[in-house]
Each structure stands twice: as structure tokens, then as C-alpha cells.
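Consider the two complexes below, in which chain A is the common component and chain B and chain C are the respective partners.
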Partner chain A sequence: MRWKPSRPIPAALLAAALLASLLVLAPIGWTAVLAWGVGAAGARMLLFRPLVGELLVNTLALISCTAMVATVIATAAAWCVERTDLPGRHIWAVLAVVPLALPSFITSFAWVSLSPALQDFGGALLVVTSSYFPLIYLPVAAALRSMDPSLEETARSLGLGLWQVFARVTLPHLRPALLGGILLVALNTLTEFGAFALLRFRTLTTEIFAIYRTSFDNSEAALFGILLILLCVLCLMAESWSRRQARYDRIARGVVRPASRVALGRLRLPVLAGFGMLSLVTLGVPFGMILYWLTQHNSAATSVAAANLPDVLSATWASLRLALGGTAVTMALALPLGFLATRYDGRLVALLERTAYLSQGMPGIVLALAMISITITLLRPLYQSAFLLMVVYAVLFLPLALVSVRAAFGQVQRGLEEAGRAAGLGWFATVWRVLLPLAGPGLGAAAAMVFVSVITELTATLLMAPIGTRTLAVQVWANTTTLAFAAAAPYAALMAALSLLSAWVLARRFGLVRGV
Partner chain B sequence: MADLHITGLRKAFDNTPILRELTLSVARGNLVAVLGASGSGKTTLLRLICGFERADAGTISIDGAPVCGPGLHLRPEQRHIGYVAQEGALFPHLSVAANITFGLPWRQRRVRSRVAELLALVGLPEAYADRAPYQLSGGEQQRVALARALAPSPALVLLDEPFSALDEALRLETRQAVTRALTKAGATTLLVTHDQSEALSMANAVAALRAGELVQVADPRTLYQQPADAELAKFLGKAVMVPGQAMGDCAITPFGKLPLAGSPETGPVQILIRPEQICLVPSGEGYQVSVRTVTFHGSFCRVTLQATENSIPIEALVPGHSAPILGTIVAVRVEGTVMAYSHLF
Partner chain C sequence: MTHLNFRRRGLAFGLSGAIMALAAPTLSYAADPEVLTLYSAQHEQVIDMLTAAFTKQTGIKVLSHAGEGPDIAHQLVQEGSASAADIFLTENSPELVLLDEKKLLAPVDPKTLAAVPPQDSPSSGHWVGVLARENVLTFNPKLIAETELPASLLDLADPKWKGKIAIAPSDSDFLPLVSAVLVLKGQEATLAWLKGLKANAQVFDDDEGVVAAVDRGAAATGIINSYYWARLATEQGMAKTQAQVYHFDNGDAGALVNISGAAILASSKNKDAAQKFLAFLVSKPTQSMLAASDVDFEYPLAAGVPVNAMMKPRSELHPPVISLEALGDDQPAAALLREAGLI
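Moving on, here comes the complex of A and B:
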């Protein structure tokens, strides 16, 4: 690929895209420079100690256990929904995805408030698995749906039983989807902060937070941050590699006919019971606990802090305001980048796009600390401002927005724009009158998804919210850490309701959660 | 290799009958084509034989052993059937060699000579063994799929529209290679297709299926020349229908007195003539018609002819080199025997 695009890029567009890349790269670079300041000897001293070993073992053990449990649950659930005559499978298909819409620190709050025994590794495994198994379920179910049923039928005719067919044909077909899903789970586990902090489970993220709170030692936190970024980037690289592998795995052309379903027979009740259990654990307990604490009088909770209506309203208002602003800034960064990526070629464009996706590898806590440090040093007036927090949201959710924006722009054929130009419209008029109306719904979906993500974001909000601004997430956090579960409940209920509602609207409007 | 017997087979989906009381036999080593338009039930028939679906009634037996009957449903893996799906359905994660040996017991899967043998059987070079399926053309994929189906020496081979996804040139070549391999293997084969020329050129016998019922089972020549009814005649190829008067083994037609194929008829009939049976004769003798349209295809030429302004236009297929000139008057003669249908339609 050549560096120079075949058509010249308008200067304003290029500048906007460069700004987005700069915003992604600056915190990474800053963290790297701070970490570099530790020096080789210092780094060795800080990294090679029992604590770091324990953190790494904790993190890696949790990731592998979660991956194993979630893989088994997600694959079994997806297979039953897509390939058997399971009663009510449309409902189960939706219920298997809903946990994704529930912020994991809300799930964490629910379990912690159910029993303090559910802390540390067991609790973390439970919360992470039930929050993130949909990340494996979704691609596996999609892979099962897109699989040509004659592959399995041919294997049957060649003398293989049901189990052998699953092991020798179905599973290899699911491998890329499984691998991709597992790596996403790993990435999310690496960057998760709120859920682990509430569970008192120590990982790299919670340790970085602890260092920041106790010592303000930037360089040590930065060193752990770089370690975390490296692990995340490794996951991202493996994920993109697994996606490239999957491309060769389809040779059949034409429309896929739906596979015939296996009759469950006597297994029907046990399988139904399994799905019931799954939903009970992933959804029933979180919602049940929120409802339970809502109905408890404040004195029944283990602390005296009480929630009152003005506080709830002001927290809701703060959340909405920040989320709207954050979405606006995110879209302002994603739109030019998405347009550039779909309409221009060359290595520069590819590099700019890839840079934006790099922010997936930056945990919220590392990003927030880097931005705080940058503003304190260089841009003092921005420190503790709502705008800075919105920019951080934008960097965090730029990859999420970019995927959808790119898809929305990609659906509009270039010929239509050329037709607009031929009809005498200028560049800007073409974008305004041809591109935006056509890509509108897709862009709306992108904005809505960013909005949901911002409103459920905890880490950056916790560290960077302007003094006196207490959002819903911050309130849940503050009350749960002081064991005031009843006080946290209204905020948790509002957050759960908001995120479920937005997810539902998104699904209805754009068919993101397609049934069977 | 074995023979296949199907009796009284019935299947309905959501109370819509797909197959009604179907009875069919395939003798050992033969290739029978089930020919039908889409929706005729041919794919359902094949899936019932494979055991992918359960029959509502009727029996299927392979080599005398029942695989499907009242209270009996052998699972697909117990039936020893070689099945070739519409687009080959090669396992994308396995090499050609691993695909071919997929159905063999574990120990035999590593025997390279068997792979080479099977590749040779379907006319592919041995070097293909290590390729991945996506590196093969559609026709090559179909041949590998056939080799895979033949590898465990199945009792019966079933082909589900195996050439429909291929383009014209590849289809002919693949068809020949497949027929050769099946003959060499001595396989008893059932081929399901909607393509008339495929059924007629490949099969020993063709079973014409319509709305879940067999209309006629016959060798390709008989089927084409003496179709059971006019509808089948039109499905099998272009048909010219003219009125006539049957008199036993011949009929009086606008083209003169023509010999009848099939059972003798008397009285008013519709006469089936294939366009290629109508020949232009240079001298003036014969039925006089004027040339209305001429569509030149190279090796042959389609012409429509009309006796008078108001008579029915007749289509004829003539060799390309003797294409008539538009608007001229020519004389025609009908070669061979024709079919007469007494019932009107």
C-alpha cells in the first residue's frame, strides 16, 4: 500500500483525524515516559516482587478460569438455542445477551450485598463470568447460524454420531468465534476495575488505583499501567489474528438454509432447568438484590447513609449531562475518522484508523491517570473540568463508535456521492444532503451505544468528575464501598433501568440482538 | 454396492404433503436420476433416504435391509450412504486429504495411498491432497466431495443437485468426471436434479417427480420421446403441439401422416413433435410454411414457422449452416416417430 492516498484528503478532515489519533496516543506516550523515569533498576525492583507476581497470577488465573467456564456455558447455551427444539428459545436467546447491558460493577454490588463471603477469587469469577459470557455466546451463536448444515449432515452420512460430529466438524467451525470471544473476555477482565474493587479482588487495575490514592506516585502507577497496556495489546493482536483466520473458513456460497433441530426428548427438562439457573444467576440475583435493597428501610442497611430524592435527581442529571456531552465529543472524533477510513485509501489512513482502535488496549484507569497527569502539568485550567472527562470518554469509546460509524458510511455507495457531485453539489453539500441522510440510522445507533457506555462508565468518572459532581455510578460506588447497600440501591436501579432501556431501544430499532 | 427399494413413502410438512405414496427401485450398480422442478419433493426424498428427516409412512430398504419403516428409523450414520451435498460441503478446516478420509476409521485415515487412489478415481492429480478446500474451483470441490463419499465404500451414493452451482463449461466437465468415477466404482447412485439434460445424459433411468408423485420412470430415451403426458413433455424440453387424427399406429397431421410411438390411439389427438424433428427440405415437396423469425446460435438455429397468417407458430431447431432466410417460404418434413395424447389440456 502507498502512503499517499489516490485522492487528496481535505486538510480539515485530516486535521480532525490527526487530533483523534493524538488524543489516543498522548496518554499512552505520557504513561510510557513516566514509566521510563523509573529507570531500569527501579523497574526491576518494582516489578520483581511477590506483590506483582500475586497480581499477575490473580489476573491470569481469573482470565483462564473465566474463559473456561464462560466457553462451556456460552457454547452449550448457543448450541441449545440454535440447534435444538428447546421451548422458548427466542426468549432464552435474548436473556443470554441481556447481562452484557448490565454494568459489571452493578452485578458486583448485588453479589457483595448478598453475601460478604462472595469476595476475592470466587466472587470475581462469578461476576466476571456472568457479565461477560455473552461476549462468547454472541459470536458462537452467529457462527452456528451461518454454518452450512450440510457439513454436519455429510459427517452424519459418513458414519459419525452426534458427539463425534460436534467434536470433528462443529467445534472446529466454532474455533475462530470462540477464540475471538475468549480474547474479548480476557481484554474486559484485564481492564475491569469497579467490579473487582467492590469484591476486594486485587488485580493490576485495583493496584494502580491504590497506588494513586495512597502515594500519588505517578511513575510506579505508570509502570503498572504500561504492563497492563502491553497485556491488552497482546489480546487485541491475537483477536485480530483470529479474525483473519476465520476468513478462510467459509467456502460455501449462496444462502444458508436453516439447520434441522435436534429433538431434546427426555433432556428437555434438565436443559430448561439449566437455562433457568443461568438466567437466575446472571439476571435474577442482580435484579433481585436491587429490588430487595430498594424495599429495605435505610436502617436495615449496614450503614446510616440514606438516599433522598434530591440526591437521586441531581445524580441522574449529572449522569445524563456528562453522557450527552461525552457522546457528542466521541461522535465528533469518530465521524471524520470513519469518513476518512471508508472514503480514502493509503497507508496513512490505515494507520490513523488503527491508532484509534489502539485505545481499546488502554484500561480506563490508566487513561484517566495519564490525562490527570497531563492536565496538571501542561493544561492546568482543564484539570477537574467536565470537558476533560468528556474527552476521556471520547478516547475510551472511540473504537466502539468507529466500528458503527464505519459500517454506516460503508453502506452508502460511493456512486451516490459522485452522483451528488455530478448534480452540482459541493463537497460539504454532498455530505450534508446525501451521505448523512443515508447513513443517519447507523450513526444514530453508534451514538446510542456510546451513550449507554458512557452512562455506565465508572472508573474515569470516579477519578475525574469535577468536585461536587456525583453521578449515578459514583453514588453506587461510594455507598457500596461503605456497605450502605440500601442507599446504593436507588442509584443502581436507575442505572440498570437506563442501560436496559437503551439496550432494548437499540435492539428494537436496529436489530442488534437478533432472535433465532 | 447394493440396490435400493422404496415403497409407499409419505412425508408432509405442516400438513402440506410433500411426498405421496412414492415407490421406486434402483437396481445394483445403476444410476437413477430423480428429475423434478423445485418444490416437487425431490430433496425431501433424498433427505428421507439419508435419514436426515423421518418419513410419515412407507419403507426404505438398502440391499434388502430396511433402514426406515413402521417403528424403524436408522440414524444417518448407520445407513452407509455416501452423500454429496449441493455445494460439496467440504470441511473448510481440513485439507483435501483429510476431507477424503474423514469417514474412515482412525487408523486408515493416515494411509496416503488410499487418498491418491480416490483422487485418481475422480480424476484429480495427487498433488491436490494437501490443498485447502478454498483453493479449489467449484467443480474440483464437487469431485473431492464425491471421493469423500466413496471412500468408506458406501452401499449407496446420493447426489443432491451436485452441479447446479457450477457454470456451464465446468458443469459438463465435472458431470463427465463424476459419471466416470461412479461407473468405475460400480456405485448404485441416486441423483437428484432439476436439470433435464443432466438427468438424461447421466442416468440409466430417470424418475420424473411432480408434486410428490412419480409421473414416469423410464430410460432417458423413452422418457424424452414418449413422455407420459403433455406437461412432462414440455418439462423435458421444447415441444411443438399440433392437432391430429390418430389411426392406430399412425396419425394424420398438418405435416402429413406420421408414425406414432407408444400405444396405438384412435380419434382426435394432440401430437407432440420435438423442434429438432422438424427438418427443412430444399425441394418443394412437404408442408409449406413461411419463416417468421430466425435466431442464430452458431451451431444451431431456432426458427419459428407459420403456415398461414392465423395458424399456430411452430418452433424448429435446424443446424446453423442451413439457417433459412427470414420471410421466405420453405418446405418442412417431420423425422422419426411422434407421441399422441388423446386427452385435451
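Moving on, here comes the complex of A and C:
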């Protein structure tokens, strides 16, 4: 690929894309510089101590166990939904994805308030598995759907049993989907903060917060931050490698014929019971516990601290305000970058786009600490401002927005834009009057997804909310960490409702979940 | 087409306008005499009670920013003279001692200082003691009998306690305890004690985690402030609570009583209003409100205000006698914790 694009890039567009890259790279660079300050001897002392070993073991053991359990559950569920005559499979397909819309620290709040006995490895495994198994379910179900059924049918006709077909034909086809899903689970587990902090389960991420709380020095937290970034980037690289690997394509083009479904027969009831259990654990308990604590409102439990209506309203407004602003800033960064990536070529463009995706490897806590440190040192007017928090949201969710923005722009026929240019419009006018209206629905979906993500974001909000601002997430956190479960419930309920509602609208409007 | 174009351009202005409007309300805090900014390491429920009552009484609004004592102190040092904070209210004295050493605090009104016992405020008069919290050992009677509990906090380093104790070394309440051992027993003994704890203890993030672990039977004993036991017992109901409280005696380091204090930042532009807030904190009605609230389980420092009925009266406690200055700023304690591998 050449550095120079075949068409010149307008300066304003290039500047906007460079700004986005700078916002992603600056916190990483700042963290690295702070960590450098520890020095070689200091770093050796800090990194090679028993505590770090324990944290790594905790984190890695949790990731591997979650990956195993979630793989089994997700694959079994996806196969039953896509390949059997399971009754009500459209509903089960939706229920298997809904946990994604429930923030994992809300799930964590629910389980911890059910029993403090879950404040352990078992509890952490339970919470992350039930929050993240849809990340494996979704790609596996999609792979099953797009697989040519004649492969499985041929294997059956050659005399293989159901299990043998699954193991020898289906599973190899699912491997890329499974691997991708597992790496996403690993990445989420590495960066998860709220769920583990409430469960009092210690990982590298919670330790960074603990160091920040007790230390008078930025550099130690930065050193752990760099370590965490490295692990995340490793996951990302493996994920993109797995996507390039082993792709199974059908040679015949056209619509895939749906696979014939296996009759469950006597297994119907046990399988239904299994799906019932899954939904009970992933959705029933969280919602049940929120409702339980809501009804405890006027009894003994409120004595620790009661939520009152003005507080609930002001937290809701704060959450909405930050989410709207955060979405606007995110889209302002994603639009030029997405346009650049779909309409121009050259190595520079590819580099800019990849830099934006790099922010997936930056945990919220590391980003927040870096931005606090940067603004306190260099950009005082932005320090503690709502705008800075919105920018942090934008960096966190830029990759999410960029995927959809890119897809939306990609679907617009270039010919229409060229017609616009031929009619005498400048490039900006073409974008504004031709491209944006055509790509509108896709861009709307991107904005909606960012909105949901910001509403449910905890870590950066907790560290960076402007003085006097308390969002729904911050209130759930403040109450749950001080064991005031009943006081946390109204905030948790509102947050779950807002998040589910937006997800539902998104699914209805854009058909992101099949069968809705 | 012009119409459409205009509408779209309107959208662009609208979008940028919306970002600014959403961001603006918090971009500027001028030194409004009717708004105080409070940095607090106290529990937010306590802060909400206090600020609501203060606003009702004086009409002065209070914005609060919450965190843990050490991180807020660090933040205040970094912010320096440009800090938005007028007041710092914390759970333990060492953070205030540190800020006083860095010359970041302003003198407190002598009338406010006179409302609490002189030994509970520093001799510099740069901050005032507001409440006190007691260090205790929480235990689960199903796992260990009260008669088997140690006479001293330092006994917990003995190998026979292996696997029977829970601690939260990264909780800001643990550092002052280490500082107390350091004052009473010296550097070497403290390090040996911490290394013993490291070998014996299960480590949790905070005191809430420790008391919950003891309550569910995951650990036999745990080092906490009595505050957290009272909170758990209130939320769960006493009948459902397994964990109980054991008080160290005879001036043992484990019986340390920490002082929660408040200070006015030297950089504050609202010192008059801030002085009013500090006077409000130590006033009898405020202290009675906190003690009766079932939200805060600290000992009131104003004379004649009884502590919450769940707590052992302060006159029956036998804490070690260590001055606030001698207890210091926690920095040596943090270094020892690190050396012992606990944080």
C-alpha cells in the first residue's frame, strides 16, 4: 500500500481524524511516561512481588474458567436454537442476548445483595459468565446460520451420528466464531472493574484502583496500567489474527437454505428446563433482586440510607445529560474517521483507523487516570469538567461507533456522491447533503449503541464526574459499596430499564437481534 | 434545496450547541459565596445528611466530591492553589496531618476548636476533630470462641493464626493502625508483625469486604473499624448477623481510636462560609443528628452527645495514648506495608 492516497484528503477531514488518533494515543503515551518514572529497579520491585503473581493468577484463572463455561453454555444454546425444533426458540434467542444490555456491575450488585457468600472466585465466575456468554452466543449462532447445511447432511448420510457430525463437521466450522467470542470475553474480563470491585474479587484492574486510592504517587498505578494495556492489546491482536485465520466460505452464492432441524423428542423437557435455568440465572436473579430491594424500601433496610425522589431524578438527569453529550462527542470523532476510512486509501488512512481501534485495549480506569493527570498538569480549564468526561467516553466508545459508521458509509453507493460532485457541490456539501441522509439509519444505530454504553459506564464516571454530579451508575456504586442495597435499588432499576429500553428500540429499529 | 441546506446547517450548529450546553453547567465554578465545594472521604450517605441540614440552616449550598482519604489528599496536593475545594472532610487524621505539613490548610476558628476536646484536634489549629472511630476485631462465634481471641493486635502475626484472619490493607482505615503499631513498637517489630499478617491473612479490598467475609464464615476474625460491623448489622438486621465485635483493651495498638477531621483549604475563596460549615459540623445538634441516625456509627466529639446505642460508650474504651502529631501522616506506614508485600 502506498502512503499517499490516490485522491488528496481535505485538510479539515485529515485534521479531525488526527485529533481522534491523538486522543487515543495521548493517554497511552502519558501512562507510559509516568510508568517510566518508576525506573528499572523500582519496576522490578513492584512487578515481581507475590501480590502481582496472585492478581495475575486470579485474573487468568477467572478468564480461563469463564471462557470454558461460557463456551459450553453458549454453544449448546446456539445449537439448540439454530438446529433443533426447540419450542419458543425465537424468544430464547432474544433472552440469550438480553444479558448484554444489563451492565455487569448491576448483575454483581444483585448477586452480592442476595448473599455475601458470593464474594469470591465462584461469585466472580458466576457474574462474568452470565454477563458475557452472549459475546460467544452471538457469533456462534451467526456461524451456525450461515453454514451450508449440505455439509452436515452429507455427513449424516455417510452414517455419522449427531454427536459425530457436531464434533467433526460443525465444531471445526464454529472455531473462528468461538475463538473470536472467547477473546472478547477475555478482553472484557481484563478491563471489568465495577463487577469485581463490588464482589471484592481482586484483579489487576481493581488493584489499579486500590493503588490509586492509597498511594501518593501516580507512577505505580501507571506501571500496572501499562501491564494491563499490554495484556489487552495481546487479546486484540489474537482476536484479529483469529478472524483472518480459517475462514470457511461456501462456493455457491445466493441465499443459504435453512438447515433441517433435529427433533428433540424426549429431550425437549430437559432442554427447555436448561434454557429456563439459564434465563433465571442471567436475568431472573438480577431483576428479582432489584425488585426485592425496591419493595424493602420502607422497612428496616432503608435505615442505612434512603434514596429519595429528588436524588433519583437528579441522578437520572445527570446520566442522560452526560450520555447525550458523550454520544455527540463520540459521533463527532467517528464520522470524519469513518468517512476517511471508506472514501480514501493509502497507508496513512489505514494507520489512522487502526489507531482508533487501539482504544479497545485501554481499560477505562487507565484512561481516566491518565486524562485526570494530563488535565491537572497541562489543561487546567478542562480538569473536572463534564466536557472532559464526555471526551473520555468518546475515546472509550470510538471503536464501537466506528464499526457501525464505517458500515453505514460503506453501504452508500459512491456513484451518488460522484453525481453530487458533478452537480457542482464541494466535498463538504456532498457529505452533508448526499452521504449523511443516505447513511442516516446506520449512523443512528451507532449513536444509539454509544448512548447505551455511556449510560452503563461506571469506571470513568466514578473517577471523573464533575464535582456535585452523581449519575445513576455512581449512586449504585456508592450505595452498594457501603452495603446499602435498598438505597441502591431505585438507581439500579432505572439504569437497567434505560439500558434495556434503548437496546429494545435499537433492535426493533435496526433488527440487530434476529427474531425480535 | 436552500431550505434543506439551511436546516442541515442548523443541525450542525444545534449539535455543537448541544455539546456546549450539556458541558457548560460544570465548566465554570466561580467563587460563589453561596456555594461551598467539599472534598470528602466520608461515606456519601453521611455527607448527604450533613449538607442537606447545613443548606437548610444557612442557605449555603454544598457541592461534594467523594473519594478515599489518601487519593483526595493526593489530589489536593496536585491541584495546589488552583483547587476547587473549600473544605476537606476525612475519616482519619493522617491525611490532614499530611496536608498541614504541605501548608495547604487555613487556621480554624478558635470557637470551633473549643467545641471538641483539645487532644482531638492538632496543636497547629489547622483542622478540627469532628468524629472518632474505634478499631476492633470482628469474629464469627461459629468459628472461634471469644475466649480464644488474642489480648493484643500483635498476636495475630503468630503462625497459629494462619488462615484465621481477614484484613483490608488497602483500606484507608488500615494505615493509621500500622502507624499506631509503629509509634508503640518501632520499625522492626512493625515490619515483623506485617510480615506475619501477610502469611496469616486473607486480603480484602476494604473493611466492608472483611466484615462480610467474617459474617458469612469465610474467615474467623477480621480487623475493622467498628463502624462497618454496625453498618452490616443494621442493613441485614441484628438477628441475621453472625459477626460480633471484640474490643482490644489496656491501651493495645489494636484499640486505636481514629479521629475524623475537617479542614479549610488555604486556597479557598469562601473561607467565611467554610468556617460556618466547620462550626456546624461540631455543633451539638449536628453531632446528635449523626449519632441518632443509624447511618453514621462514629463517636461524636462534642461534649454531652451520646454515641449510637449499638456502640460501646467511649468512656469504656481503652485506646493507646498517641497524639495526632505522633501518629503522623501515614507515609512510613505505607512504605512498611509495601515492604511487607501487603499492598
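The rule we apply is simple: the second predicted complex is superposed on the first by the 503 of 516 C-alpha atoms of A that agree within 3 Å, B and C clash if a C-alpha of one lies under 4 Å from a C-alpha of the other, contacts with A are read in each partner's own complex, and residues count from 1 in each chain.
Keep this in mind: a residue touches a chain if its C-beta (ideal position, glycine included) is under 8 Å from a C-beta of that chain, and two chains touch if they have at least 3 such contacts.
Bear in mind that the values here come from a model prediction, so they are computed numbers and not experimental data.
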Clash or fit (per the criteria above) of chain B with chain C on chain A: fit
First (chain B), second (chain C), both or neither touched by A:487: second
Most chain A residues touched (candidates chain B, chain C): C
First, second, both or neither for A:157, with chain B first and chain C second: first
First, second, both or neither for A:427, with chain B first and chain C second: neither
Chain B versus chain C as contact partner of A:317, first or second or both or neither: neither
Partner chain in contact with A:50 - chain B first, chain C second, else both or neither: second
Which of chain B and chain C A:148 touches, first, second, both or neither: first
Touched partner set for A:117, first chain B, second chain C, both or neither: second
CA minimum distance (chain B, chain C), superposed complexes, angstrom: 48
Overlapping contact positions on chain A, where the chain C interface meets the chain B interface: none
List of chain C residues in touch with chain A within their complex: 4-5, 8-9, 12, 15, 18-19, 22-23, 25-27, 29, 37, 43-45, 48, 63-68, 70-71, 73-74, 77-79, 82, 84, 98, 170, 172, 175, 203-206, 208-209, 212-213, 215-216, 218, 231-232, 234-235, 237, 294-295, 331, 334, 341-343
Interface residues, chain A side, partner chain C - complex: 49-51, 115-117, 119-120, 197, 200, 202, 206, 210-217, 300-301, 303-305, 311, 321-322, 324-325, 328-329, 332, 376, 380-381, 383-387, 390, 429, 432-433, 436, 466-469, 478-479, 481-487
In the complex, chain B residues that touch chain A: 50-53, 75-83, 85-87, 89-94, 102-103, 132-134, 141, 145, 148-149, 152, 158, 165
Residue ranges of chain A in contact with chain B within the complex: 148, 150-151, 153-161, 168-169, 172-173, 175, 248-254, 260
